[in-house]
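Here come two complexes built around subunit A, the first alongside subunit B, the second alongside subunit C.
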Partner chain A sequence: MTLIVRRLATFAIFGLVWALAVHFGNVSPNILPQITDVALATVELLGRDTFYIAVATTVRDAAIGLAIASVLGVSAGVAIGAMPALERSTRLLIDFGRSFPQIALLPIFLLILGASSQMKVTLIAIGCFFPILLQSIYGARKMNSTLQDTVRAFRLPWRMRFFRVLLPSASPFILTGFRIAVVVSILVSVAVEITSPVTGIGRELAEARDFYETDIAIAYAIYAGILGVLVNAAVDQLERRIVRWHLSDKEA
Partner chain B sequence: MNAHSTVNAAPPMVVDGVSKSYGSIEVLRGLTLRVDPGEILCIVGPSGVGKTTLLRCLSGLMPPTSGEVRVADQVVTEPLQEIGLVFQDYRGSLMPWMTTLENVLLPLRGKRMNLSDARERSLSCLANVGLAGHEEKYPWELSGGMQQRVAIARALAYDAHILLMDEPFGSLDAQTRFDLEDLVLDLRRRLGISVIVVTHDIDEAVYLADRVVVLSGKPATVIDTVAVDLGPVRDQVASKGLAEFSRLRGRILNEIRRKK
Partner chain C sequence: MARRIGKHWWIYEIVQFATYFWLPVVLVALWWFISSDSQSFFMPPLSEIVQTLLNDIGNGELLEAAAFSMRNVGTGLSAAIVLGVSFGLLIGYNSVLRSAVWPLIAFLRAIPGVAIIPIVLVAFGVGPGPQIFVIALGCVWPILLNTIDGVRGIQSSITDTARAYRLPRALFIRQVLLPAATPQIMAGIRISLAVSLTIMVVSEFSAGNQGLGVYISSGVQSFAPSQVWAGTVFIGLIGYLTNVAFVLIERRILAWYFEIPRRTATKITSIAGAENERA
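Showing the complex of A and B:
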């Protein structure tokens, strides 16, 4: 059997278990609807304007938050990683920041910014900032000593050191951070939408649940999952393009 | 390819009573030597004697604890324009995200040379080290010997009149090492640059050098300076077969062994 057949087969088995469980388990459709109803709901959503608005809003806010976090996280991280003294001084604060459950800031930002897109974007940016920051610090710190000597020996100006040497040298690590942050951006976005009245996939999901339209709620969850898979695939492509040299250099 | 006209007279380099300690550990003590314009000077010594420390002091990457290094009349306190460094770890010293040409070009752009001049100069230096036609390749597409040639071209393009080489051929196979040794002799003849090579390989030192400085002891001191009168043109087989060659290598080997 080819791989694609086997992969589709696992989906089929999953669906079968679901269908049988609902059928013989006597589960209320309000709790777990039959898989066929969910399938119909996913199709039905495609005909609704609210669906497209919700997806577009979630994607837009996640992207803005991610972009803010990337700019701040990469510039701060690479600078910190390149200066050992600064890295040691900031380590405790950064460890605190990354271990902190950022969603706990939701009530505070809800109070300050209200239930708005800005509030959502702020939380997404905070959530995405730390994985990018940490990987950027790590990447800059890993720059090999010969390259550091080379950069000094040829007296490269700081701007060139940063953009032409330090940044590319750290980029494989930065991309790892970015990959984590992409998942976080969607996660935080949907979580904020579920728990506060701002537009997006999470909001639609929560409202469907409140009206006992469980099939619609699950359909939204499925689309959130598909979104995650698509975004991951896009990052894969990006990685292959940006750090081609890294993969080839490791092989050589 | 023509030798480019900008390199003609390398400035003399003087090392005046250089000592270096790391904390309470003294590594180098009172080293005094000079490198004449156009000379190849090899510094040999056993592993761990402090050769790399000395080279870092000479290049301005690290200040000596006492004494000073001068190029022409300038005291070296930081890396200088006149000095080009070539490291043993050629892989680590080239940027794998840049092509060969970009690697050579970058330091020139760093000095604000305009792009077309920098390109022309980089291409001519790559040709000088035998890499014409490889400009658009990435370092990881080249063999080790070719990567080290890129590093040499980069130092030449930077307009270094003094090449400082730290165990430059240590991680290459014998045949490639011979080719690169001959390249260094050839570049010196054509361009008039001075070359300082730090190595633990006594054969390599005698083959390349006009003079060999022997370091030994803890802390390291100069225990001998050996003039090598084999002329500017040398041959891997003929020169190494000369009685003078084996006399000199025997003398240096004995000195290093005795001191240990």
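Showing the complex of A and C:
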């Protein structure tokens, strides 16, 4: 009980500091609107059609990009992880790719594909590819040697080896990569929308900001955060369902 | 390893070296030859891109832009490290405070840093100040959360010992809490490094008159694709080099940590593994 009181108190203090700072600091609403205005804006957005369209577009494009990245990242990652020679040969490329701020590719794809959903999806896929790839490599590399020897002794055909052995044994790691990628997909999506004229949450936010509707812009930023929390929770559920065998294995 | 092969060990070394480098070399060569007679306006030949790159490095334009951007990244990241680590130590060690502020932190850090960019830039205008502010704001969360985790992971026997010896608080923080949390803090900083580059690029794309992002986007506006490509390649090189530099610094700071025998190190089985877990 006291815990709930304490937690509510921190939120109250946060809100109070905000309210008092704006009120007594004479902060222009352009810079930081009053917290009550932001609260009203979050409610107001729920009545706008453009809000739902923006959220749906962002989620759809993020999901498509994520799906493409998952297929490519898992298949490439498991293959690389299972073959040490391939792992060595691709290491420099992968290190380069993962340390690249992928959003910097935006202008190139803007030139080639134009300001389109395609361009956004491509960038999301590139951004999500690397976390999934790295975790898949890691998962496939971690396969225990008994399993490896068994696979070799039975001369399993590669297709069976991939789908029945490598993929399941790497799946807990792959899901970790997927979890990172889900958050990345929303981030890249919002970043692309902010910097280029394609529809989505980020676009609505940037446009609200251009019209000096800062409260609406902050409300959109909050919804972007809530979206991130929701997809993360969804992945949590998924993870629990898919790798239940792995978790129960650990407990035993 | 090389010794065992005998007097031809150098052949082995060359082969080892080649296995790492052949693929990137082949791909760049392919890019070079395939693009050499490219008619597409948006995909200029690699030779042209390299020429623009060398030209703009030579006349200082790119280096100046990079210096501006990286100074912002460095300042913003440093501010995030100072704030994240000090608040992280405080929140991580004080369990009452931690349980109270945790939901607020979880809520605030969920708001993506890139979404804050337009709000801050329109409010405070463009220039180094607002840029540094958004970078610091985006980078503080991974460091804060990792520091809290790191402090929470300290074995109670260690803190009990410190208490039994009545270590002065400053000494306790500097000699016990901070070193024990450093592996986690470094993991947080590594995440923030990637975040800082992303925020730098996005904020310079959306507004600004200086920096690497501006160099690239002005290439878009003036229809100079080779400038766009050159800037992008250059950002890639900077990203790669900063990451390499970070790993070297981390190895030095955490030398004691990586030397801990495998069985006693609970979380990390190898250096390569550690890097992957963090990614």
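As a working rule, the second predicted complex is superposed on the first by the 243 of 252 C-alpha atoms of A that agree within 3 Å, B and C clash if a C-alpha of one lies under 4 Å from a C-alpha of the other, contacts with A are read in each partner's own complex, and residues count from 1 in each chain.
In this section, contacts are C-beta pairs under 8 Å (C-beta built on N, C-alpha and C of every residue); 3 or more make two chains touch, one makes a residue touch a chain.
The model shown is predicted, which means the values in this text are computed figures rather than measured ones.
Peer 1: Clash or fit: subunit B against subunit C, after overlaying the two structures on subunit A?
Peer 2: fit
Peer 1: So, A:Phe154: does it touch subunit B (first), subunit C (second), both, or neither?
Peer 2: In the superposition, A:Phe154 touches subunit B alone.
Peer 1: A:Ala224 in the overlay: touching subunit B, subunit C, both, or neither? Say first, second, both or neither.
Peer 2: Touch partner of A:Ala224: subunit C, not subunit B.
Peer 1: Between subunit B and subunit C, which makes contact with more of the residues in subunit A?
Peer 2: Looking at subunit A, the partner in contact with more of its residues is C.
Peer 1: Once the shared chain is lined up, is A:Tyr52 touching subunit B (first), subunit C (second), both, or neither of them?
Peer 2: Neither partner.
Peer 1: Treating the CA centre of subunit A as the corner point, state the angle out to subunit B and subunit C, nearest 10°.
Peer 2: 90
Peer 1: For A:Phe163, is the partner it touches subunit B (first), subunit C (second), both, or none of the two (neither)?
Peer 2: Neither partner.
Peer 1: Between subunit B (first) and subunit C (second), which does A:Asn144 come into contact with in this model arrangement: first, second, both, or neither?
Peer 2: first
Peer 1: Using only C-alpha atoms, work out how near subunit B sits to subunit C after the chain A superposition, in angstrom.
Peer 2: Nearest C-alpha pair, subunit B versus subunit C: 8 Å apart.
Peer 1: Give every residue of subunit B touching subunit A within the complex, in rising order.
Peer 2: Spelled out, the residues of subunit B in touch with subunit A are 59, 61, 78-79, 81, 83-85, 87, 89, 92-93, 95-98, 106-107, 109-111, 138-141, 154, 158.
Peer 1: Residues of subunit A touching subunit C in their complex?
Peer 2: Its residues touching subunit C are 3, 6-7, 9-11, 14, 30-32, 85, 88-93, 95-96, 98-108, 110-112, 130-131, 134-135, 137-138, 180, 186-187, 190-191, 194-195, 201-202, 205-206, 209-210, 212, 214, 217-218, 220-222, 224-226, 228-229.
Peer 1: Where on subunit C is subunit A touching in the complex?
Peer 2: 19-24, 27, 42-43, 96, 99-104, 106-107, 110-112, 114-119, 122-124, 194, 197-198, 200-202, 205-206, 212-213, 216-217, 219-220, 225, 228-229, 232, 235-236, 239-240, 242-243, 273, 276-277, 279
Peer 1: If you look only at subunit A, which of its residues touch subunit B in the complex?
Peer 2: 144-147, 149-150, 152-157, 160, 164-165, 168-169, 171, 245-246, 248-249, 251-252
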